[in-house]
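Chain IDs A, B, C, D, E and F follow the sequence of writing; residue 1 opens each chain.
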Amino acid sequence: MSTFIDLYNYWIFIFLMMIGFYIVIAQGNLVKKIIGLNIFQTAVFLLYISMGKVKGGTAPIIVAGDASYSNPLPHVLILTAIVVGVATTALAMALIIRIRKAYGTIEEQDIHEQDASL
Amino acid sequence: MKHSLLLTALLAIFWLALSGHYVAFTLILGALSIALVMWLNWKMHISDERVLPPLLLLRLPRYWMWLLLEIIKSNIHVAIKIWQPRLDIQPQFKKIPSPWKRDVTRVVHANSITLTPGTVTVTVDKDSFLVHSLTDETMQALESPEMKEQLEKLERFQ
Amino acid sequence: MWDTLISYCSYALLLTGSFLSLTFAIGLLRFPDFYTRMHAAGVSDTLCAGLIVLGLVLQAGISLVTLKLLFILLFLWFTSPTASFALARAAHRAGYGVNEQQEASSSNS
Amino acid sequence: MVAIAVAVMRDLFAIVMLFGIYSLLTAGIFVSLDAVDVAFTEAAVGAGISTILILSTLALTSREEKKSTHSRFLPLLVVLVTGATLVYGTLDMPAFSDPQAPVHQHVAPRYLDQAQQETGVPNIVTAVLASYRSYDTMGEVTVIFTAGIAVMLLLSAFRHREDEAGNLNDLSHHPVLKYVARLMIPFILLFALYVQFHGDYGPGGGFQAGVIFAAGFILYGLVVGIDKTRSMFSDSVLRWLMASGLLLYIGVGVVTLLLGGEFLNYNVLAADQVKGQHWGIFLVELGVGITVTATMIAMFLAFSEVRRPE
Amino acid sequence: MILAVTAIALLVAMALTLARALLGPSIFDRILAVNTFGTKIVLFLGVYGFLTQRPDFLDIALVYALINFISTLAVLRFFESGQLVMPKDKE
Amino acid sequence: MISSHLPVLQVILPLIAAPLCVLLRRSSLLWLLSFSASLGAMVIAWLLLQQAGSSGVISYILGGWAAPWGIEYRIDTLNAYVLLIVTAISSVVLLAAKKSIEQEVPQQHWPMFYASYLLCLTGLLGITATADAFNVFVFLEISSLSSYALISLGRDRRALTASYQYLVMGTIGATFILIGIGLLYMLTGTLNMNDLAQRLPAVAQTKTMLSAFAFLFVGISLKLALFPLHLWLPNAYTYAPSIVSAFLAGTATKVAVYVLLRFIFTVFGADYAFSVLPLAEILMLLGVAAILFASLSAIYQDNIKRLFAYSSVAQLGYITLGISFLSVSGLSATLLHLFNHALMKAALFMALACLLYRQGGVKFSHVKGLGRQMPWTFMAIVIGGLSLVGVPLTVGFISKWYLILAAIEQGHFVLVAIILFGSLLALVYVWRIVEQGFFSASDDHTDVKEAPLSLLLPTWLLVLANIWFGIDTSLTVGVAEHTAHWLLELPAPVMPGATP
């Protein structure tokens, strides 16, 4: 039982990740898929940040005096990952706009039907 | 010109307040940053006399004091309405006149109305606002001569 | 003596602020239509914000933090009514609820 | 909670709003987990840029989602398997926020103990980002750059012609907004520069500053008019800025190479190590800021100028 | 102590606002809720900074306020331009 | 002085050229810049291979920070070899790019096209050179984002959906990899691969490590287009501009295979990887499934590009099959096939670029009877195809030979049969093209000319390489065997030609 409580942050992360992942693979709407992807990625960010937390620590900006700080490395990694995430989102959105122009729809199914009928 | 000086001064204050590191390097960076912002401002016509009339700044604090009182009064009023077990509100739209010549005054007027709980400016027309009000009392407060007086003073001070 | 007075003042401000924030959140849920909710939410946040920020200012004493807090407050007081106003205007232009009977009941917009 | 609602709802627009809240909440959680820099970025990106981009896309496509007739079984199974793998993995994880966890024993302590002496930067996140792992950060700038040119590549052919641009200045005949925005933009821009140059001391740095700087112009574009913003930032100006930021970053690396150090070893930039680090970090952060600003503005403009479907 | 009370009050208020955002019913209600939510989170961050004795994180609160404002405007822009006029009645 | 900085120059050279491309307007300059950057990278890769062969592992610390704190580049024969493959293919493909994109990509997009191409190259090289797990993720995304952009440039509107599909699956893959790296970091507190390898055995019993391994494996498999996760590949290759198909087919999946090898053998260690999960069985099963299903699918395609895309999935099956034997000859087969498949697929897709240049399409209906009008192009396809089948005197033969050897060594005679059957299937689909080209009644394209020299030359360069390395195997087999020994931690034979 104690494991369960000790790890609660990770359970939250897993829960969010599963929802996000589900949206990505189960939804037919292209925009919504990307939103799901974002949720999925944000969940992973949460995993990283959680592991960097130290009990009683504060943000890793050194101040005078003795203090314990949280681990800065995951923060750095996730900063990079967030940027990568937004870059992917932007690119996906541009693609969706083009797809909509080419097909007139942003539903996966309609697109498949149109392609199949060619 | 006057305006540029004023804006530069304000920006400098803003920078100094934010920075908290008063060594030569950051101060030089601050000066460069302000210069960059002023250049962009000039290039893109973002802010000019009409947006930030220098004289207004002198008058504005007194207006704010008055407004603050109004806000507190109406806040209490609305808070009571919310906690009342039975909803006792009279939502309504009304046009109220806003005969001000200058943009600044009109903006201040419109935002003052919105800031005061219980009333919201919905649209701004040439010489009137459409206002939505939660109750009769809040609407009456808007039409009080006091508000008009305060705004007139503002208009004169530009 | 002076310190205690200041901290009591600050506590009073903070508590009133929190009380107001709760009040308006309840108003947000209780009021029947969009415009009235707006009164509850966007508008009243300004005082609630003011009280809390002032409470914090008293805690901080005279320092750069105070200035930053005041900037935040000023910023909120500039943007919040502007945003509310823009929202109200958009809703109005979209033809939303000039007559509130019509929509208190339904979800069509 | 929010995430479930996102999964269930079908009004895409509402979903985006909720997504904004989700982002803000996540950012709040980051703050409570001491990751202030990350929260800074997530707020600016998730609640800001991503939301705006997704909204622009919705405006150009459609906002109602059709009911999906997909089979839900297979996706659910995949998700459950993934989740189960993770749950299985968590069983042996060190407890949350345990200071004895291996993560806090290796590599990280050195950053916390020595980074300030070695780089002269009290914000360890900045020190690691811009010095210890600055090569990663260069990759990050490259990713942003790539996305920027990709968006230009995809959307530039669908640009409005000048005469059509008229109906785009939506909020520009909105006196109150216009006024407030004009009043605030100089301060927003200055604030961005402050964030840029104070990343050493507090949360912030090139990326966040770039986003805020761009946000200033996005506000300008929203309120005063897209075409006015465009006249300031033509495609070639933006490209030039995007490339120069990245080149500045790489350039610092090349200079350190020529001075006899390893790539991006700032120590060789000045006689004194801390001074060299200071200059190096300053310059690469500037590079990041420039590229990010230009890319964000470019993306915003590209999305805003796409011809609307009839 | 008082700070903690304030923080909790703000959290409760945030939860209630979230409920409004989820309930809707109209899109404007949601935007309103999001906007209010943003303000609340700004305040919360301020209080939290004091709670953890690191008030120098106010910059983040400032950024939140800024981003919140801009994204609200961005949202509204699409209504003003008649783009996403009004949703057809759902379902 | 230069020689000590080669590892980083390898990646930086194309990276510097990319933003410069965006600033240039003249198309000849653009091409020249890109080509010289790529060629320079190839020369560096060659030098690195020499260095790595003679002096073992080359380590380069970036930013001057020692390894677990800073990021490190570690070049050994394995990644020097992959670097050489990637840069060589890239350079040859770029030779033809100028002509080909003139027709397939609108002029306004050229600067961006070259920039994306170089960024993709940078990303692939970065993944290969680095010894830092998180750095892999960053460069993976650089290459992925630019390849999404490149694919979406295809003229068919399906290029857009193909790119979108690839984006979603690629991002899921990358995020899985990110989760895996995160879990590993959680267990050890380090991101450096070498450091990881030293610290992981201590935590080898944890469930967390197992799930980290599972996530990494699935994530990389998505990028690698391993059999059930290959869905993005056929569309992406089919609708991308032909230059892009040639480049990606020759490089992207190869690098993914490299990452898989790197994680399995260097980070986790073969002992761990093959004992906790039935990895050998999984890889073998998926490899066999890929060979059979993808080859069968290829037979039923009427678009030649798509046909070859499916064939790529099948060839990746051979490559993973080689890993599954966990023996020197098996791994040698994998490594050889990395190189050889890159050569043949690049050659074939380049030949298709020639066809596309003249005919505007590569369906069977487009190529009926063209064998007489475009003999050189078709000869290229035939030789490339034969190499795909595995006919002696071509490179395809060498790798299949080693693969069969490995199967026999372990007594998997069923697998030998399957490999031979796969070759038979390959023969069928290659024959279909030949039949259409030479023995089908020519429609009314008597006026179609042979492809321009600037396209044919690089194509034939690759074709001749196919034959050359099929006959003179000293370089490839030498490197592959050396590396295979090294991966399995057996005493390695001296690499031929590696003189300091």
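The definition used in the following text is that a contact is a pair of C-beta atoms (placed from the backbone, for glycine too) under 8 Å apart; a residue touches a chain by one contact, two chains touch by 3 or more.
These numbers were taken from a predicted model, which means no experiment stands behind them.
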{"item": "If a chain touches chain C and chain E alike, it appears here", "value": "D"}
{"item": "Chain whose Cα centroid lies at the greatest distance from that of chain B", "value": "F"}
{"item": "Of A-E and B-D, pair with higher C-beta contact tally", "value": "B-D"}
{"item": "Farthest chain (mean CA position) relative to chain C", "value": "F"}
{"item": "Chain centre separation in whole Å, for chain F relative to chain E (CA means)", "value": "48"}
{"item": "Whole-Å separation of chain centres (CA-atom averages), chain D against chain F", "value": "31"}
{"item": "Distance between the centres, which are taken as Cα means, of chain D and chain A, whole angstrom", "value": "14"}
{"item": "Computed distance of Cα centres, chain E from chain D, in Å", "value": "20"}
{"item": "Numbers and ranges of chain F residues touching at least 2 other chains", "value": "134, 138, 141, 145, 148-149, 152, 179, 185-186, 191"}
{"item": "Multi-partner residues of chain E (each touching 2 or more other chains)", "value": "24, 27, 31, 56-57, 59, 62, 66, 68-69, 73, 76, 80, 87, 90"}
{"item": "Chain C: positions in contact with at least two other chains", "value": "24, 26, 38, 42, 68, 71, 75, 78-80, 82, 84-86, 89, 93"}
{"item": "Pairs of chains, among all present, that meet the touch criterion", "value": "A-D, A-E, A-F, B-C, B-D, C-D, C-E, D-E, D-F"}
{"item": "Interfacial residue positions of chain C with respect to chain E in the complex", "value": "10-11, 14-15, 17-19, 21-22, 24-26, 28-29, 34, 37-38, 41-42, 45, 48-49, 52-53, 55-56, 59-60, 65, 68-69, 71-72, 75-76, 79-80, 82-84, 86-87, 89-91, 93-96, 103, 106-109"}
{"item": "Chain C partner contacts - residues on chain D that touch it in the complex", "value": "171, 174, 176-177, 180, 183-184"}
{"item": "Complex contacts: residues of chain D adjacent to chain F", "value": "85-86, 88-94, 101-108, 110-111, 131-136, 139-140, 142-143, 145-147, 149-150, 152-154, 156-157, 239-240, 242-244, 246-247, 250, 253-254, 257, 260-267"}
{"item": "Residues of chain D defined as touching chain E within the complex", "value": "1-2, 5, 10-11, 13-14, 17-18, 20-21, 24-25, 27-28, 31-32, 36, 39-40, 43-44, 47-48, 51-52, 55, 58-59, 63-64, 167-168, 170-171, 174, 177, 188, 191, 195, 202-204, 208, 212, 215, 218-219, 222-223, 308"}
{"item": "Touching residues (chain side chain A, partner chain E) in the complex", "value": "58-59, 61, 63"}
